[in-house]
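First chain written, first letter: the chains are A, B, C and D, and each begins at residue 1.
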Amino acid sequence: MATAQMARGTSDSIASKSSKDDHPNALGNLPTASPSNAAYMNENGQTTATKTTSDMKQTRGMLGLHPQAPIDEEHDYAEQQEWWWARTRIALREPFAEFFGTFILVLFGDAAVAQVLLSAGQTSAPGADGYGNYQSINWGWGDSGAYLNPAVLFTNCVLRKLPWRRFPIYLIAELLGGFVAAGVVYGNYISGINSVEGPGIRTVPPSKTATAGIFCTYPQEFLSTSGMFMDEFIASAVLMFVIYALKDDSNKGQFSASGAWFPLSMFFLVFGIGACFGWQTGYAINMARDFGPRLMSYAVGYGSEVWSAGNYYFWIPIVAPFCGCLFGGILYDVFLYTGPESLMNQPWFGAKDLTRPRAAIRDRVEKQRGDGLV
Amino acid sequence: MATAQMARGTSDSIASKSSKDDHPNALGNLPTASPSNAAYMNENGQTTATKTTSDMKQTRGMLGLHPQAPIDEEHDYAEQQEWWWARTRIALREPFAEFFGTFILVLFGDAAVAQVLLSAGQTSAPGADGYGNYQSINWGWGDSGAYLNPAVLFTNCVLRKLPWRRFPIYLIAELLGGFVAAGVVYGNYISGINSVEGPGIRTVPPSKTATAGIFCTYPQEFLSTSGMFMDEFIASAVLMFVIYALKDDSNKGQFSASGAWFPLSMFFLVFGIGACFGWQTGYAINMARDFGPRLMSYAVGYGSEVWSAGNYYFWIPIVAPFCGCLFGGILYDVFLYTGPESLMNQPWFGAKDLTRPRAAIRDRVEKQRGDGLV
Amino acid sequence: MATAQMARGTSDSIASKSSKDDHPNALGNLPTASPSNAAYMNENGQTTATKTTSDMKQTRGMLGLHPQAPIDEEHDYAEQQEWWWARTRIALREPFAEFFGTFILVLFGDAAVAQVLLSAGQTSAPGADGYGNYQSINWGWGDSGAYLNPAVLFTNCVLRKLPWRRFPIYLIAELLGGFVAAGVVYGNYISGINSVEGPGIRTVPPSKTATAGIFCTYPQEFLSTSGMFMDEFIASAVLMFVIYALKDDSNKGQFSASGAWFPLSMFFLVFGIGACFGWQTGYAINMARDFGPRLMSYAVGYGSEVWSAGNYYFWIPIVAPFCGCLFGGILYDVFLYTGPESLMNQPWFGAKDLTRPRAAIRDRVEKQRGDGLV
Amino acid sequence: MATAQMARGTSDSIASKSSKDDHPNALGNLPTASPSNAAYMNENGQTTATKTTSDMKQTRGMLGLHPQAPIDEEHDYAEQQEWWWARTRIALREPFAEFFGTFILVLFGDAAVAQVLLSAGQTSAPGADGYGNYQSINWGWGDSGAYLNPAVLFTNCVLRKLPWRRFPIYLIAELLGGFVAAGVVYGNYISGINSVEGPGIRTVPPSKTATAGIFCTYPQEFLSTSGMFMDEFIASAVLMFVIYALKDDSNKGQFSASGAWFPLSMFFLVFGIGACFGWQTGYAINMARDFGPRLMSYAVGYGSEVWSAGNYYFWIPIVAPFCGCLFGGILYDVFLYTGPESLMNQPWFGAKDLTRPRAAIRDRVEKQRGDGLV
């Protein structure tokens, strides 16, 4: 019993320590398996929570995740962990959340475009109005610090001390989510696509009957490559700048304390970006939203034009969001952010770390270990 | 007096036990008649609350409802129960709520379509923009666990331990709500329908002047039956998946604690489904929204084509939502849900129950009785 | 000093008694002049709050208003009351609020129609999308219990025990607000109207260039009088039904506790009614929104057709909302409301009062006096 | 240590005194550098917070800003202040916030118009629907009391005792924000503008291919100068009137206590103004939104017509908002406001101050000093 209490004690202290901490890089509010119900003890009268949790921490740590899975403290998952799938579900919680979050995002986004494109000419279709719902469900499983967007993830690693080891598994989950969602949309609208393009014919803009735009973005023809890059760069920078403004505790009096406003704000933000920067390149601003579905459209037979269209435009929604989000984040931090974790709030913007890179990395990992982040 | 206090004590302990519990299957926060005002004692100086409440519990239990009616604790209904209608109102509270909720839902939905359809060609009509309000009022009388949709009700019975005995009376209330609302819309727009179709003429798509689409959904012509089913299936699965995500305590930090965000989120969700999956089949995703009004349209004279149209499409909005919602709920529970009440969180997904079905049912009812659910 | 403390004590006890009470008929949360700052004492070292407040209560009572003006308790208005205008402002607070609330409502509503009507044919005008904002600002100065609509006011008097003596002054304020707002809109758009109709020409639908629709509603031509009445009746009934559902404490767990959601819900509701019942008659559902501006349009020269148009349609937006709101309120109370103040929650729907009307009125006034409402 | 505690004590007392105070003129909730972490002491074991903060207060006072920078109390910026840029960031916090707030506002606004204008004729562009997002992000850094609008700033100086010394630096920041944002939009859409107007050609309405409307407003041709002025005047008055209603503590029970609703309400308000008063002159209602971008459009080569168009209309969006906002604020205060700081709540509307202007200014500054505002 003592060990069980100790385990609970540890997690409680983590929870209380992080109770005011909702920066993306500090995975606060992490309850653990609290075996409050005596029924969950095993045959020997001992709780199994401690051992299982300890194993779990190690597994999750190896995957690059926070040792504690972000699970509601009311959900007693001690018993569940005796079954292999339940352990998997807990170990991979954030990647699963990222996968399904991106899946739903792209499912809604691509289906909305499909509906608009395929129903063009049918005046009774209410589809065009729904375009704004493109990213309406910002699931906000913000625990992962990724917001379903690799470029936001990347910027949080650079500027908000989100551990880099989270990057790979989140990135994979997001790309897979976009890839699979595009496949589901294709399957659902295949007869509609056939009736527009003709059976077996799949074309890419600027073809008149092109339906490839359902899956990923294609730029306007008059744009030069630098113009495309600029457009995506600015939209991404605005995205990141506003996310950081919304997350800044110094602005918090103006927004809701509980973070409940964040998803709604994100909706207005992305809707606004779509309304203001959505015409020239289609406002990808998200590699997971663009590259994954593009790969799927290639896989189902749209041909190599998905890569070559727009003078090999495809790399722009990959590279520009990373550059733009980083720039937007730096802009916010340089001029407005006062939190100590940003590089911008260290003398010379943390540049002294560049002169001793190995020491800097070691210090950083040490500090993260101290904060219980890795 | 002691019994009255005991009754209050019982209900209070239920209330406190369930105070953190807002899963659809646990009808928490159930206040009872608390005769705090001395004026409500009867002539003999005794409160009548105990007896009445006890009778009421039995009546409600026989109807399959939770013994305690979900009524605000400030509303002292002890005295009211002396009149037969007041007793009826309390006994049938959730069915009445389901009826009126579905009634308003379908009233708005069908009237919006009527306005769009009948005013087509009148450019000043602002109707088309209002389509998004189709289900804008998600009344959210979530106490009933049904969300005005039999398929959601069904999935909650399977995965969230909502007692199956609630199913029949909720289903009936929802179907009646949709049926009656369609009648009111027909009555209100009858002259408009006459002016479009001609007096006494009522047609079903693909007729050019068809107005049957006001009442229920009809699929696009190019769709095969499997395509129709797939479309409704995916939309229903997404609906259920997102509802469970919104209701999951583990995601709660990201949403409002009080549940106030739920109706707004539902609005965005259903609006989004309409924008993304609304074109091919009209996103019924709800038997109460489709079957009830279809029956009414048959009753007022649209002819047997309401059943035969689209190659007897009518059964798809009945069957596909049940399959889709169940699939979406299972998907969420398998990959993300950690609450103990889901079958997915028992070894082998609760399959061991299948080997001893009678014992499983007995256990379940026992447990519900223990939780005060039946 | 003792009197001052007493005065404060009285108002505090009122405030605490009504702290949980936000029914429209119970004007809760009424702070008074609390002379907490010594600087506000007069030359004789005595606070003037008591006397002034006492006079004020009498004045307000004579106007039919609640004795206590609904003013923030931080606002010390003891000193202000020494000046006649400040006294007027406090005495007439709710009528002023009703006036300006209706003024803004009609200003936005009529200006939105003006913009849509006058800019028709100019494709760059974003006006049509804004129609939904017709009543976007539901000021929600709900203290007055009237919601800027005489029919809602009326229903609250019947069903929620709002004292009838409030009715006249609120009604006058609302009608004046609509009348003046229509004049401001006319002045602002007079050159636009001249450019559409021709200078000095003012016409009423069905004239092709009619601009009278800017100010008040005109029905579609195919509608019979009973059809018009039905349309307004249903829309008003839905309005009242949903308002009561939103205000019902028994539904409160589903909505925000603080009432902050009410204005947003009202926006969705009225927007939805406009989308669903706005085409046939223009969804007046509000005498203040229709009759006041109609009078103004008559005054500025649209001719007697403003009254005779649509077979003397003008009386329908006056009478139908009263009938519809009352019906909607009764419907809600009969089937769902459990609060004790509704007539529907008294044996035989309070019909026994009809057999002794004078006694019933006397009892009612007595009770209101006891609650501090008059 | 004693000095550090004293400093904290001082700031705490300021914070507690202003904790209920969110009027724009009282810069409440101002935390200071609280060196709660021992690691932030310097080598001599002394905290540096006191001295630095004292210098900072002086610097900020000289700039006309509140002595305390509005920074989250969790952000310990004592150490940061040792670096010159961090000091600059804290000293210029509100001007930076005003700059970026106006920048984002105009960036979204102008980009939205650009998208609508340049994509006209491309039916698949969802731009027109997004117009409503024109001012969707009301950043709400309301600490500055300016709301990204010089006319609101001005009215707060007159009626809400915001110190006049804040006016210049806020005004400069807002104008710069609008000017720079217009430049970014021009750079982003330059190829689109070229494809519409032709390379090197830049025209102003009423030219058929004019793109100057992307940057600032141009009136409809039929309007007289007084009509233009009236339109902007009314829209500005409504803006200010509603802002004051939303900010009035006496209305607070109806809105959210935390101010979280304010940004959303502002969005509905500005969207509504655009829908109702946006057609005739384009609803500038904001000098920063109109004059800054107009200057930029002149700088990039649209010619002197940006000034002469519409009979030298350009001065109207500068002057009319000041007059309109002041009128709207006075209207609210005369009829509804009961807070003591408004001139309208002093005998004869504070007119006695006019008879002794120097004494009035001296009194005002004294009082502000007492409140810690300067």
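Criterion: a contact is a pair of C-beta atoms (placed from the backbone, for glycine too) under 8 Å apart; a residue touches a chain by one contact, two chains touch by 3 or more.
Fair warning: this is a prediction, and the values are worked out from it, not measured in the lab.
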Joint neighbours of subunit C and subunit B, given as chain labels: none
Reaching subunit C from subunit A through chains that touch each other, fewest steps: 2
Subunit D against subunit A, contact positions shared by both copies (same if over half, else different): different
Longest centre-to-centre distance from subunit B, chain (CA-based): D
Angle of rotation relating subunit C to subunit D [CA atoms, steps of 5 degrees]: 90
Rounded Å distance, subunit A centre to subunit B centre (Cα mean): 32
Subunit B and subunit D: spacing of chain centres that average the CA atoms, whole Å: 46
Of all residues in subunit B, the ones touching two or more other chains: 129, 131-132, 264
Interchain pairs in contact, sorted by label: A-B, A-D, B-C, C-D
Complex contact set, residues of subunit B against subunit C: 29, 70-72, 74-77, 79-80, 82-83, 85-86, 89-90, 93, 96-97, 100, 104, 107-108, 111-112, 114-115, 118-119, 122-127, 129-133, 136-137, 139-143, 184, 187-192, 194-195, 258-260, 262-264, 267
Contact footprint of subunit C on subunit D as seen in their complex: 20, 116-117, 120, 128-129, 131-132, 220, 222-224, 227, 230-231, 234, 238, 241-242, 245, 248-257, 261, 264, 268-269, 271-272, 274-280, 334-336, 338-340, 345, 347-348
